[in-house]
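Next come the structures, one after another.
There are two complexes below, and they share subunit A, which is joined by subunit B in the first and by subunit C in the second.
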Partner chain A sequence: MWHGIDMYSLVYSFGFVPCACEHQGIVDDQFTQLRKLEDENSPHFVMEVASLFFEDCEKLINNMAIALEQKQGVDFKQIDECIHQLKGSSSSIGAMRVKNACIAFRSFSDGQNREGCLRCLQQLSHEYSLLKNKLQTLFRLEKEIVAAGGSIPRVH
Partner chain B sequence: RKRQLLTEIVLRNRLTALVVDADTTCRVLEQLLLRSYGVQTQGVDNGRDAVTLIASGVKFNLIIIDMILPILNGLEATRQIRDMGVHCKMLGVTACSGESERQAFLAAGVDVFIEKPLDPEHLVPILRELDG
Partner chain C sequence: MDSCNCIEPQWPPDDLLMKYQYISDFFIALAYFSIPLELIYFVKKSAVFPYRWVLVQFGAFIVLCGATHLINLWTFTMHTRTVAMVMTTAKVFTAVVSCATALMLVHIIPDLLSVKTRELFLKNKAAELDREMGLIRTQEETGRHVRMLTHEIRSTLDRHTILKTTLVELGRTLALEECALWMPTRTGLELQLSYTLRQQNPVGYTVPIHLPVINQVFSSSHAVKISPKCPVARIRPAGKYMPGEVVAVRVPLLHLSNFQINDWPELSTKRYALMVLMLPSDSARQWHVHELELVEVVADQVTKFVALRLLHMFQISMLLKALDLYISIMNQVAVALSHAAILEESMRARDLLMEQNVALDLARREAETAIRARNDFLAVMNHEMRTPMHAIIALSSLLQETELTPEQRLMVETILKSSNLLSTLINDVLDLSRLEDGSLQLDLGTFNLFAVFREVLNLIKPIASVKKLHVSLNLAPDLPEYAIGDEKRLMQTILNVVGNAVKFSKEGSISITAFVAKSELLRDSRTPEFFPVPSDNHFYLRVQVKDSGVGISPQDIPKLFTKFAQTQSTATRNSGGSGLGLAICKRFVNLMEGHIWIESEGLGKGCTAIFMVKLGIPERLNEPKLPFMPKVPTNHGPTAFPGLKVLVMDENGVSRMVTKGLLVHLGCDVTMVSSSEECLRVVSHEHKVVFMDVCVPGMDGYEVAIRINEKFTKCHERPIIVALTGNTEKVTKENCMRVGMDGIILKPVSLDKMRSVLSDLLEHRVLFEAI
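Let's turn to the complex of A and B:
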């Protein structure tokens, strides 16, 4: 034990969380490749980029929710633009299930199917929440390891 | 091991790249990826700023450009950059995945069309080629 903190458990969990995420398809190999790029010069690069992604994703989901609620008619072009942007950013960070949810969403948006879009938005929100929860756990573990005087095991 | 070798590189020359993407996450990620290989980068979030920067005389070894951009889209920005006589390597990196988009981007002047994400396996061979 180290100052009452079980360093072994922290480090074990830190390794387990991303493996579990990849196994469940929440993230794909792109995420692993990005983590490999972290080093002494940019030790928190993934956390910083993930924070940008969370901010953008929430804004886009919110914009789509508002667009789908418009009584005077849904602007499916706006929906399409949001899905396209989110598909790009989610694939870039390796958020596989969010990306797949965007692909499914696209087909309903192309068909101008409001009910289908609402279901897809719900699914997308669910996948996003799951991803955010898992990544925030990972980043919290990272901070706890550093605060306890440990070093972050790097991905190779 | 082969995959690891594909993504490892030590550049001998200082390369420069411009990243043109309206999405902050993508633009920052692509710049960080390039910087991790020692490439000096600049980023802009629309096609007009990209054209203006190139027209001002700034030279890059590599331009990474998205298709959907505000103010001036990626296709038109690419055409205008090529019309200026710029022959550097241009990668069209986009979330668009259709064959028609691919053909359009190539016809506009990009050398390579890559569906997002831009990953080391795509990027490293290109950096090796640019590094000579």
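Let's turn to the complex of A and C:
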């Protein structure tokens, strides 16, 4: 039960989380597009896609970390593949910063620069966690609002 | 004859003598009778004759004399006494008249004589006057000639012309036969014949200068008569006749070449030329004094004319030059002055401008600084303040759900309230600043009006139900479902108004009514300054929100819409508004060309918020493609491509899912594959479109396309193949075209893009390219 909580403010402020994200460049318009696809038929579309993305991303980052730690020689080809995948995923979901980090990463991996790659990987992880954080907050808010009987304003 | 007492002895009458006497008497009588006749005749003829009485007298005298002589004829022979009587009478009368006449003539003859003298005198006088007039005329002519000559001379500068003209004019004036000018040669020892009147080209005669006649002429300033035989006069070949009189005069020469302006050339140079003038040879003309005078004057003046003329010309030209110079200098001065004035003016203006510039610059910099500061502030607000605050809100609300002690709960509640307030404030201030900037513009679009109200209701219901307030919504039947306007801000306004109603009501009910404002209702007596004018493609939406809350006292109503103003009544409320909400609503409503106001009957009697905004009426929705339509969510209406079977090939799970989501949203029946082998296996003629990702290395999407093409030999069975790629390189496009793909889309694909791509593809079966 919500005692004296200004639901209106909550809901009003809910609208700003994705706005803030977009403003900060964490997500871009593609994310908004995905949110547009949510309707009665697929009410959790964004959450589903995001979960898939998180899985994917974590796996790829782990793979890359392992590959870069190889003492005998870094398999840059594999890293390249991972980056490519990640880039594709992140652009599909609209994770702009992650995508940009991938692009930067690629140049280092093309140059077979291990140090550079490590730095990029770190950056990439950082961006990823940022995004994950934001999105999870968003989803939790959504869940709470829905649970309280409100409805999420749809994006048109 | 009878006895007569004569002294001499009587002699017998001699017949001869008597005859002669007789005849003589007859003739005398005849003459005497004819004289008066003649007199009368001639006097009658003459116009004036003052002595008529004399004439009569004289006539009588003559007649009587004649009568006497006539009667005498009868006395030669024997005559009677009558005859003697008549004779005597006649004689007596004759004597009387003749004496009278004699006496009278004494008076008359002197008169007549004086007349004669006067006549003679007058004749003399007339002759004299004639002479004088002739003289004057000649002088006048001469004067005219001189003037003409002077004029001629003055109009030329050429010495030669001057001299020639002089000769010509002189010749004309004086009717000369010949006129010549002898100029001294350079040596000064000879005189050379330079100019002549009649002869065209004078042959260079020379005479030595020291001839006595020449010396004579040179020594006097007068014109001197010289002999025609003199060498200087022998210009023409000798004629038959006697040559006329010749006169020579000296012509003082001036050195015309060395002129000083201030020195008047002295006449002491004593160089002379000789001018010789000859009267016509066959006339008896003589040189008259006035003619000589004329000649002297001309001779004296001719070179002076030249000199003067030259001098004048020189002086004039100098003067003109000086004047020109002066004028040009003055012009320059004037120009310079005006330039100076302009320059000064411009410098002053420039100084002024510079000052103004400096001031403006300063102002600009200050303004820029202020703007920068504000922008920075806004940026900070935007980015940094919102996000953590939302985190606070979200987390606090989550915290509230956990197990808390009452004190903790209270604290959390307070935190939540404060942060909500802050959040609202920040949003409102951000919006307000943009509103005040004038930078806020309405995002016009077509939207579902009913949906807006439903949304508001959805948002407000939870709170209202908590407070046990009953909310009702009444939409008028004539309210259009769709309208053109700024959906977001309209919702914000309605939400704000309704939210206020909910906030400030502890119990009771809230009613929301919306209808189209009719013209008679448009003019409200409470808002005389608002004159809405509905038109064909616009309507006025009127919304009334009535609550049964605490109400507002009438004097506080005007303050409601002023920002930051808190009234006493509002301060007592728990969840106070920041005071900005209504101000922003007012601004939004104004932007929508509307009006908002609040009515309340007083404290405790609830209040009604009313606003009217202008919205556009969208076009009829019959048209297939409407530019505003994309805003209408397709999940409410019919799906774009119901049941369209499509195949999506993408290795990337996320990407695959997103594409599927897009297509499902558009109503397609989507099959997903993750490899080329699977794709080739699954693809059938049922699939209308195949989307394949071609940017994954190692996966040859092109190969698949070729294989599909091979598989479906007939064109109509083959599905449309569309490549999805993340790069914009030309080589990709060329490759796609080469392998026979029908289209290429750049990832990421938006919903609208996918929709339009599909419709284009299905219509035209080809699309190159939708990037």
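What we mean here is this: the second predicted complex is superposed on the first by the 149 of 156 C-alpha atoms of A that agree within 3 Å, B and C clash if a C-alpha of one lies under 4 Å from a C-alpha of the other, contacts with A are read in each partner's own complex, and residues count from 1 in each chain.
Here, a contact is a pair of C-beta atoms (placed from the backbone, for glycine too) under 8 Å apart; a residue touches a chain by one contact, two chains touch by 3 or more.
The model shown is predicted, which means the values in this text are computed figures rather than measured ones.
Residue by residue along subunit A, subunit B and subunit C are tallied for touches, and C comes out ahead. Residue contacts after overlaying the shared chain place A:25 against neither subunit B nor subunit C.
Of the two partner chains, subunit B and subunit C are each touched by A:88. Of the two partner chains, subunit B and subunit C are each touched by A:45. Within the superposed three-chain model, A:141 lies in touch with subunit C and out of touch with subunit B [touch as defined at top]. In the superposed model, A:53 lies in contact with both subunit B and subunit C. According to the touch criterion, the shared surface of subunit A, contacted by subunit B in one complex and subunit C in the other, consists of residues 30, 33-34, 37, 39, 42, 45, 48-49, 52-53, 56, 81, 84-85, 87-89, 91-94. Those residues of subunit B that touch subunit A in the shared complex are 7, 22-26, 28-30, 32-33, 35-36, 66, 68, 94-96, 116-120.
On the subunit C side of its complex with subunit A, the touching residues are 382-383, 386-387, 389-391, 393-394, 397-398, 400, 413, 416-417, 420-421, 423-424, 427, 447, 455, 458-463, 465-466, 487, 495, 499, 502, 574-575, 631-633, 635, 651-655, 657-659, 661-662, 664-665, 693, 695-698, 726, 747-748, 750-751.
Remark: subunit A residues 30, 33-34, 37, 39, 42, 45, 48-49, 52-53, 56, 81, 84-85, 87-89, 91-94 touch subunit B in the complex.
Within the complex formed with subunit C, the subunit A residues making contact are 1-13, 16-17, 20, 23-24, 29-30, 33-34, 36-37, 39-42, 45, 48-49, 52-53, 56, 81, 84-85, 87-89, 91-94, 137, 140-141, 144, 148-151, 153-154, 156.
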